[in-house]
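Given below, in the form of structure tokens, are the structures.
Next come two complexes, and both contain chain A; in the first it sits with chain B, in the second with chain C.
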Partner chain A sequence: MSTPDNLVEAKNLSVKYGSKHAVDDVSFTIPKGRVVGLLGHNGAGKSTLMKAMVGLAMPTLGAGGRLTVLGLQPRSQREQMLQGACYIPDVAILPRWARVQDVITLMSGLHPQFSAERARALLKRTSVRLTDKVKTLSKGMVVQAHLALIAAIDARLMILDEPTLGLDVISRKAFYELLVDEWCDGERSVLISTHQVEEIESLLSDVLMLNEGKLVLNISLEDMDRRFVALSHDAAVADRMQAAHPLLRYRSAPSLGGQRGDSTTVFDGTPPDELLKLGQRVRPSLVDLFVALTRKPELDRQHF
Partner chain B sequence: MKTYLTLMQREWLQHRFGWTLLAVVPLGLTLLLLSVGQIQMSSVELGEVDQVGAGVLTSITMLVTSLAMFVIAVVTSLFLMSGLARRDHQDRSVEFWMSLPTGHSPSLAAPLVVHLLVVPAAALVIGLLGGWLVSLVLVTRLLSFEAWASVPWGLVWSAALAGLARVLAGLPLAFLWVLPLVLATVLCNAYFKRWAVPVLALSLSLLGLSLYWLYGQPVVSELLRDVLVNALAALVTAQENPPLPVDGNPLSVLAMIPAWAWADWRLAFTALWTPLFAGCLLSAAALFALLVDWRRRGAGAGG
Partner chain C sequence: MHTWDERQPIYQQLADLLAAQLLDGLPSDGQAMPSVRALASQYLLNPLTVNRALQTLGDEGLLENRRGMGLFVMPGARERLKATERQRFLQEEWPRLRERLRRLGIGAEQLQWETL
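And now, the complex of A and B:
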């Protein structure tokens, strides 16, 4: 099996549940060595998209459409594909009857790329013992155990569906540390969906943003900085900013360095020079873009 | 092969505690009760026991114990397997199993083989050994330890092992006979969850009634009866005339068991070459294919 530079290629991909398009005509690629954030509101289609990528949901391919993961069809070549990709669909899905050692034993027999030795070494970094039963572990410990097991698979692609949901901040930090330290080596790619957009921004190299099944943004973070312009300005010039049809405008919180009453306006592309002079350029955050592209841009809101 | 063995190992890891209890508790209770309990028998009954002798009593004890353990194992396994399709849904671990590169067919076949073949076979062996221990306590209590020690063990064990071999050899045949019923239950569980058995029972009843009204023949009930009878006959007593004592000596039956067991199994094997068995195999294959397809489409795991 030859490994392409694009680990995932999706073109005109849809997934339907009855008459509802959970994923609606999306196209994207995921090259190797990338950490891709899949963002979207509840029901946007993130989990469905991930399930289609691992062969658990039936895709509908438009004219000329295709979906390949590691060069393979996820549905018809599922077993082959899963030897090179690993997937955590949810944090709490390890079999509750098993001890951690049992799961290692079973994964050793069921996954040809799994290393029991590496799994035990990774688990030593956590508070999880091999003799612990899964049902006795806290949610954070189950996440750490599951990630340690998945990271012990010598795979090219890791797909994580909201792995930190419901975890406290310490568990989330430990999770990201393990992910960055043990997995991201420049050759492997991670696709991670999360609601904690601001927390994960520093880890990401690329972003895919879904809104009601449609892909509204597919961009690297480098390009994002070049494409989107955020201006911090006095509230008095808000109307002039508004006239330029920004993506989003909101009032800045004083704790972020702004004065009470200051606003921030986000533009897609460089605004006219006269507007640039009215404010100070700041880096648009992923949260800002997430709100802008998945909600009506005219709504004023408090920055968080 | 490694995948199958690992999936079978999964069954052991998941159910070892329950299986150990099923093996130890009935035998342990029996041994305990026989050891310390009171065995109330009249002098006539005691005389009959004395007449029958330690050899026959030992043989019957071993037979009953192994049969009891076998029935417990089969009932438990059938109960567990009826929920095979949805057993990993409650803790959502089905998504974990589906995220591993294992085929759908081995994932479904391995537990069926373990629970419907390996576990009953193990129960038979454990029952036979446990029955030997039970016979020690029972014969000692009713007669004497010397009576138990003087049992013709060569005769008893050759008959016991022949009988065990007969049932073990018949187990795969019985498995194939009942497989369509088991798979139909599993498939109903896949789609109807806890309503599987009522839905299946209702469907078969309605089908049977409809065919009876149309053709005047109880087709469904006769088919089910024939399948179950053949499944039982695959295990034991395919022949109509079992071995009988010669010259009033009950132990003479033991000497006939090995030859009878071989002839009996050949008869059970011959019964496979019938349209009914072919229909069972085809039905089982179709139902298994439907189950694999259900699992391939996401196994109802919120996909």
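And now, the complex of A and C:
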């Protein structure tokens, strides 16, 4: 199947539940070869957006709006689209009574692009055995098995809704290793939603950030480093930083080197030179932007 | 998981890390570098970031691209890295270290050169 360079194109896309906009007029594209993070708090619209992309939620398109996945309509051309796109929903389950090898047999019958051979090869990299019953596997192993099964589909786009939720750090690491090593080949793309922003930041090539259904950030990590400026500075100049309308200001964790200032201020765009001179430029972190752009106070940075 | 700090872009931190390994002969001159994919999954990084780090090392003349075979450590890369690192230590780190030793009142005779 030939695919367009943009695996996903969304323009003026909304999804309404009754009168409520779960996804509110978003536009974005996902080119090939990308690892895209879909970030947002609970209820921000992440799962709904993903469901619309795989044809499980009815989109409302504004004038001139469109939603195509692999160049196809997710609802009217769903069967064809699912030959090239795979999806693990946040509520994904594998049949508990089955053995892993039974699930492979089942998948072989269900999905024309599924390779049982590749699934077995991928499972060899995990601690899951073919003869294991799903109900005897730990949560981390189930998620690993699920990823191995989905990655054995010869698809171009993978959509993962909160895949590592509830997993311990070892399982999360194993999951991401398998994903990067076995899926990310520069041609295929993956869209991953998560809360664990810090952990996933270095894996991403792009970020889509949702706040109450609206897309508040749609940027590549490379452009993010250019557009946002974070300054580490002494608390004594905090007032001057504040006067320049930063996105966010917080007290930094004490560092061992003791060379960095004890406050960090993040600006959207480059602040005036006299401010740049008062601090040391540091890498703006995705967590900072998440805090600044989604405005929910319960996050772990200390604000003032 | 490997943690990256906020002082520098991640690709630069990876480039520094790989340079430190080259200094230890991992891999040694003339040997193949690990693939982008291997490095990406080892350090849980986006492959684009890994590419950029390797590009940086290439620009510094430490790696060479052998067509169709991937990236290799340039002959003499280790020696050149060592020379640069020695220079950097003597110019940047040593004055700070000397200052700290002076403040703590530690003289040369108190410094243990042999590892125990």
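Assume the second predicted complex is superposed on the first by the 285 of 304 C-alpha atoms of A that agree within 3 Å, B and C clash if a C-alpha of one lies under 4 Å from a C-alpha of the other, contacts with A are read in each partner's own complex, and residues count from 1 in each chain.
Following the convention adopted for this analysis, a contact is a pair of C-beta atoms (placed from the backbone, for glycine too) under 8 Å apart; a residue touches a chain by one contact, two chains touch by 3 or more.
Bear in mind the structure is a predicted one, so any value in this text is a computation, not a measurement.
Overlaying the two complexes via chain A leaves chain B and chain C side by side, clear of any clash.
Comparing chain C and chain B on the residues of chain A they touch gives the larger count to B.
Using the contact criterion defined above for the overlaid structures, shared-chain residue A:204 touches chain C, although it does not reach chain B.
After the superposition on chain A, the angle chain B-chain A-chain C between C-alpha centres rounds to 130°, nearest 10.
In the superposed pair of complexes, A:225 makes contact with chain C only, with no contact to chain B. For the three-chain overlay built from the shared chain A, the minimum Cα spacing from chain B to chain C equals 26 Å. Comparing which residues of chain A touch chain B with which touch chain C, the overlap is empty. Residues 1, 4-10, 37-38, 40-49 of chain C are the ones touching chain A in the complex.
The residues of chain A lying in touch with chain C in their complex are 35, 169, 173, 176-178, 180-181, 184-186, 199, 202-205, 221-222, 225, 230, 232, 260, 282-283, 285. Note for the complex: chain A touches chain B at residues 51, 54, 56-58, 75, 78-83, 86-90, 92-98, 102, 105-112. Within the complex, the chain B residues that touch chain A are 2-3, 5-7, 9-10, 13-14, 88, 91-103, 296-298, 301, 303.
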